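Sharing a structure, written as structure tokens. Questions coming.
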Amino acid sequence: MEIRRKGNRRYDEIREIKITKNFLKYAKGSCLIEIGETKVICAVNYEDKVPQWLKDTGNGWITAEYSLIPSSTIERIPRSSISSGRTHEIQRMIGRSLRGVVDLKRIGERTFWVDCDVIQADGGTRIAGVIGGFVALVECLNKLKISGLIKVPVLKDYIGAISVGLVHGNILLDLDYSEDSLASIDLNVVMTGGGEYIEIQGTAEGYPFTKKQLEELLNLAEKGIKKVIEIEKEILKDEIMFLLGN
Amino acid sequence: MEIRRKGNRRYDEIREIKITKNFLKYAKGSCLIEIGETKVICAVNYEDKVPQWLKDTGNGWITAEYSLIPSSTIERIPRSSISSGRTHEIQRMIGRSLRGVVDLKRIGERTFWVDCDVIQADGGTRIAGVIGGFVALVECLNKLKISGLIKVPVLKDYIGAISVGLVHGNILLDLDYSEDSLASIDLNVVMTGGGEYIEIQGTAEGYPFTKKQLEELLNLAEKGIKKVIEIEKEILKDEIMFLLGN
Amino acid sequence: MEIRRKGNRRYDEIREIKITKNFLKYAKGSCLIEIGETKVICAVNYEDKVPQWLKDTGNGWITAEYSLIPSSTIERIPRSSISSGRTHEIQRMIGRSLRGVVDLKRIGERTFWVDCDVIQADGGTRIAGVIGGFVALVECLNKLKISGLIKVPVLKDYIGAISVGLVHGNILLDLDYSEDSLASIDLNVVMTGGGEYIEIQGTAEGYPFTKKQLEELLNLAEKGIKKVIEIEKEILKDEIMFLLGN
Amino acid sequence: MEIRRKGNRRYDEIREIKITKNFLKYAKGSCLIEIGETKVICAVNYEDKVPQWLKDTGNGWITAEYSLIPSSTIERIPRSSISSGRTHEIQRMIGRSLRGVVDLKRIGERTFWVDCDVIQADGGTRIAGVIGGFVALVECLNKLKISGLIKVPVLKDYIGAISVGLVHGNILLDLDYSEDSLASIDLNVVMTGGGEYIEIQGTAEGYPFTKKQLEELLNLAEKGIKKVIEIEKEILKDEIMFLLGN
Amino acid sequence: MEIRRKGNRRYDEIREIKITKNFLKYAKGSCLIEIGETKVICAVNYEDKVPQWLKDTGNGWITAEYSLIPSSTIERIPRSSISSGRTHEIQRMIGRSLRGVVDLKRIGERTFWVDCDVIQADGGTRIAGVIGGFVALVECLNKLKISGLIKVPVLKDYIGAISVGLVHGNILLDLDYSEDSLASIDLNVVMTGGGEYIEIQGTAEGYPFTKKQLEELLNLAEKGIKKVIEIEKEILKDEIMFLLGN
Amino acid sequence: MEIRRKGNRRYDEIREIKITKNFLKYAKGSCLIEIGETKVICAVNYEDKVPQWLKDTGNGWITAEYSLIPSSTIERIPRSSISSGRTHEIQRMIGRSLRGVVDLKRIGERTFWVDCDVIQADGGTRIAGVIGGFVALVECLNKLKISGLIKVPVLKDYIGAISVGLVHGNILLDLDYSEDSLASIDLNVVMTGGGEYIEIQGTAEGYPFTKKQLEELLNLAEKGIKKVIEIEKEILKDEIMFLLGN
């Protein structure tokens, strides 16, 4: 069965990504990221201390928090249910991913808080969190560089993320909510600009997947991530050069 | 001492109010309200049941919830501190205000949830919650009317709100955050389109205020609320007529 | 429709107020305040430290907590429901009011805890909290003065509070629970001995109120507060003189 | 070393017990019990349902809750610390004790809530909870009898309670707080009017006790409990006869 | 009515006790204790600090925590219900008991955490907690002695515990779950090796007990505890000598 | 740098797996699974109702809970910290995996609770949860089959799981805690008996990994999982045949 995607998207096409940098007045770095109808506010702030177990090591830390506003989803979520297991899983994934491209030894004994607040959830919110979180983090690190608080390159690479899935036997890139609901596999992939993996999270819902399908899905994800990173390069070109050591 | 306001606002001038209706994809009614740099997403959803103490009375209920995203304020608020006493006080005030202009006997045995999620807090967020909450509620009620679920007018009047305060002896309309920090009095007023009071909340921080000052502040508030209601009238003209019984 | 009040109270008459000073053995200041059948234990304790944001400013802080025992109300309140939004709203109001007549710069880097525990709730508990909290605070401050820990006057004025309301079109002073249940407006007013406002909280339940009604209600409240302050003067005459700088 | 007790109490003398029946306006049964300077408000309410595991058995249930107001103790207890392990231990003990003298099969499918709120804690609060809880429960059951909801005797016996302890080698009856702090053994005993045990809770703090000491302590407790039950008999003589089947 | 016990146990016979010392890899002291089908993992760890109120006194502290895994009981317990009043009561009892035989002045400013995690609950879990907690504590203290951190004897005596009860009028030693469910009295006794009491907790469920019954139960408990201590002596003979000062 | 593994394990060798079936007295299915020094108790219970969103669909549900006892880890975990983001992530992974091989339409409107309680954590606890959870689930389902409550095959396949990682550039199968601490990649893989994927979770800690490394790791995981499934086949041979439809 062939899949007809909204807006006539091809199976290997990502939704339009729109990033509004410098979205918030107070955060040290921030953006609004829109992937199709998914909208997430990403904001980065830092404080000059680190968790107990990092004290006096000279290393910094990056941690992410993820939340939804109650009216972001099809059925309103009561505030008491927002912080669920799913929330914890997602915010841990975003934090790990961002730490994967930052040289924690070089950012000073600081903790960076990456807040991902979902305004509208139409699939791919964790992906939006990684990408938007990266953009906001770069903005924040760049400010630290400008004010002389960071004096050496601290980024190892770009980071990109995308979801792929299998719907009625078809592989699809960048699933929206309606596709995600039907998917028998949901695979989230995070890669560096250099094409290496940072995180792979794949789950079969009901139907296990073969090695061949995994291979196809990984290839499709790579294609999508390349596109994502092109967008990041365009949008961050003024802030990121020094941070990458270029 | 005279007060120089940002953007050369006069003492009796409100900030620009921008309301984006139909802001969210899933909520039954929603808007983004911007009052100067304050930004609040207001969303209304309902369910076909009422709190225990209203069961089988035929009456409906309206309740509001208010929250901030962590990066909405000058200093990031940890998520664990967001739900504070202040939060409870504000959401109770928004809920009471909206109930004040709705005929609860006519909206059916339904609970309406009004979610006010603050994206950026630059003073007047509770005011934004009342105005934006009203706009989103009208949008939602209008949909119920269109689908035939509401057959009679259910609104008693428009509702407007504004803050006034005393800064270095000057009365000021619609305080932003920097003014609010300096204010010795902070008075929030909610009125109907007909010029009657729904809610008055005034607090002296350190310096009590005289009857004369109260009178001046109330007059100034009335002036601001009239302006607010004009804006609402313009923006809601297509949806609100039937609901008001006009 | 005329209102027949319990005990043949006139519309502008407050209930009998009975204050038992020095009610508790351990608290630094305490009283039992009875307003009609409303009974609240108010207790003040202090510690020699202040909240983080006041550290090293030389200023002190006053904070109030309000709670009910489960059997204080018509329907028993489960302990898990006692700390509600209403509770937060009330304790914030009591704290703000008391801070309004104390010179925080002169009380030393101390935090004063004002505990208002409601034993019986027959309307006006927050009013009782302000009045009883003031009496207990004066008792505590006086002990500090006697032991030489406070050497200058620290009080700016007396503080009084009362509720007024509109029941079936009649303005009423000091509503008891049965009147409060019927009131279309409930207005709580806090004033200084000098006749200036510290706090005004007015809410229309269902029927908005006019400017004229507001004026009448404020006048009635002022009358009640004068009476309250007379009672305080009588009861505190031995302890308060030095603290007020008289 | 001989112990000099406050008010020249003999080692085998209980403090004065003062019980104000019908202390609260709303509770179905209530009293203020004062044992020396210990003051506890006991209140009983009921609802016409039982815990899940008793449904449709025809049996009723009695459960107790115990709490302190923050200013009841020498050092103010923060509200967040009030519900501790100690609290749970005490309220379970009070509930079990009261169930021990009530015929749960005869009180109908009702849950009785016994609230013990400590106003002032000077030793023996759990003892006060048992005695005051019993008085309030009798008052409540008597009202049920009067209104015809209870038609048969439901009480098996009186219940009395007291603490005994060992201070510097001396056995003491009914310890106040200062004695309790010094006690190497603290034994709480609950007995029926007929002289049988309902509950024994004895703990050595640092120094274990011998069989002989246990025997002496139990005898002393019995003496105290007899006195307690005399007081109850006097105070309950009008309400309790029918309930006991006399 | 005579009681037929599982495995033909006599009324005065304890179940088989099996203790696997050094059960866990990481804890400083640990054992698995099996009393019949009851299985509890006891583990002791310590840290070099004490609760606030013991700071700079030179004294140490011992505290116990008790929990069940959800599948340890007949009906699975939801995780959210595990930490109940009963849990608090039990862990306080275990902590007090162990403190009763340790010289807190001699263990240094350390807090010892005794974790009792119930794997299978077939009656007597608190008893198992005391015995197993003692074995694990001795193991831990012995390691401290070996590494020179404890240089003097710190134990005052052995500690033993057992439950006794009255089932259909028969006194029984060491009740299993099925017997406990039927018992009209449940008495837990903790004694030292020297035959003195540390803790007595007796509760009548529905039927009060006489002095004579109490005496019989206490004698039976003593018999059981002697047996328990023999088992401890055998199992701890290599580690405990120095700690006891022998 | 070559890795010297404990017990001279080869890089592609799993630790010894020991499964004690029927480990608990009360659970409907249970086992103790030991993978090297990692020990997890897995227990399955069910109830005859499903979550709200599955009601009246005829489908059943499987959900997992994962917890550690405080003394299971190198540093004791305070009970208040046990339920963390990591816990949620793991229990969601176990639940999803087990649902992947069960035909939820055929198990009736029942919820199966799979409790994984970690007694000792030496790496691979989530893997142990999947394997042990599967064994306990089969035991439980087999009992349902025996009692006639399940009449058709409900299992789609075996399920196996293993972790692989990269330590100092070497790929390693089945990491223990000390290896896991050094690993730059940690990949958990869940597969069916038929060699298809159910779940892949791979995370780079600091160093991203190449496609080639991913391929090698996936092959190594497959090898390990085959071994795991052989062990399951041996252990479950009597119970699983009917459930698989063989």
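Assorted remarks:
So that you can tell them apart, the chains are marked A, B, C, D, E and F in the order they are listed, and the count of residues begins at 1 in each.
Here is the rule we use: a residue touches a chain if its C-beta (ideal position, glycine included) is under 8 Å from a C-beta of that chain, and two chains touch if they have at least 3 such contacts.
Fair warning: this is a prediction, and the values are worked out from it, not measured in the lab.
Shared contact partners of subunit A and subunit F are absent; no chain touches both.
Hopping across touching chains, the smallest step count from subunit E to subunit F is 1. Distance from subunit D peaks, on a Cα-centroid basis, for A. With each centre defined as the average position of its C-alpha atoms, the distance from subunit B to subunit E rounds to 60 Å. In this assembly, the C-alpha centroid of subunit A lies 51 Å from the C-alpha centroid of subunit C.
One simple way to say how far apart two chains are is to compare their mean CA positions; for subunit C and subunit D this gives 34 Å. Among the residues of subunit F, none is in touch with two or more other chains.
Interchain contacts close the chains into one ring where each touches exactly two others, per the touch definition above.
Listing the chains around the ring, anchored at subunit C and oriented toward subunit D, produces C, D, E, F, A, B. Of all residues in subunit D, only 84-86, 88-89, 91-92, 96, 99-100, 157, 187, 191-192, 194-206, 208-211, 214, 218 touch subunit E in the complex they form.
Subunit C meets subunit D in the complex at residues 24-27, 30, 37, 41, 43, 45, 65, 67, 69-74, 76, 79, 113, 115, 117, 119-120, 122.
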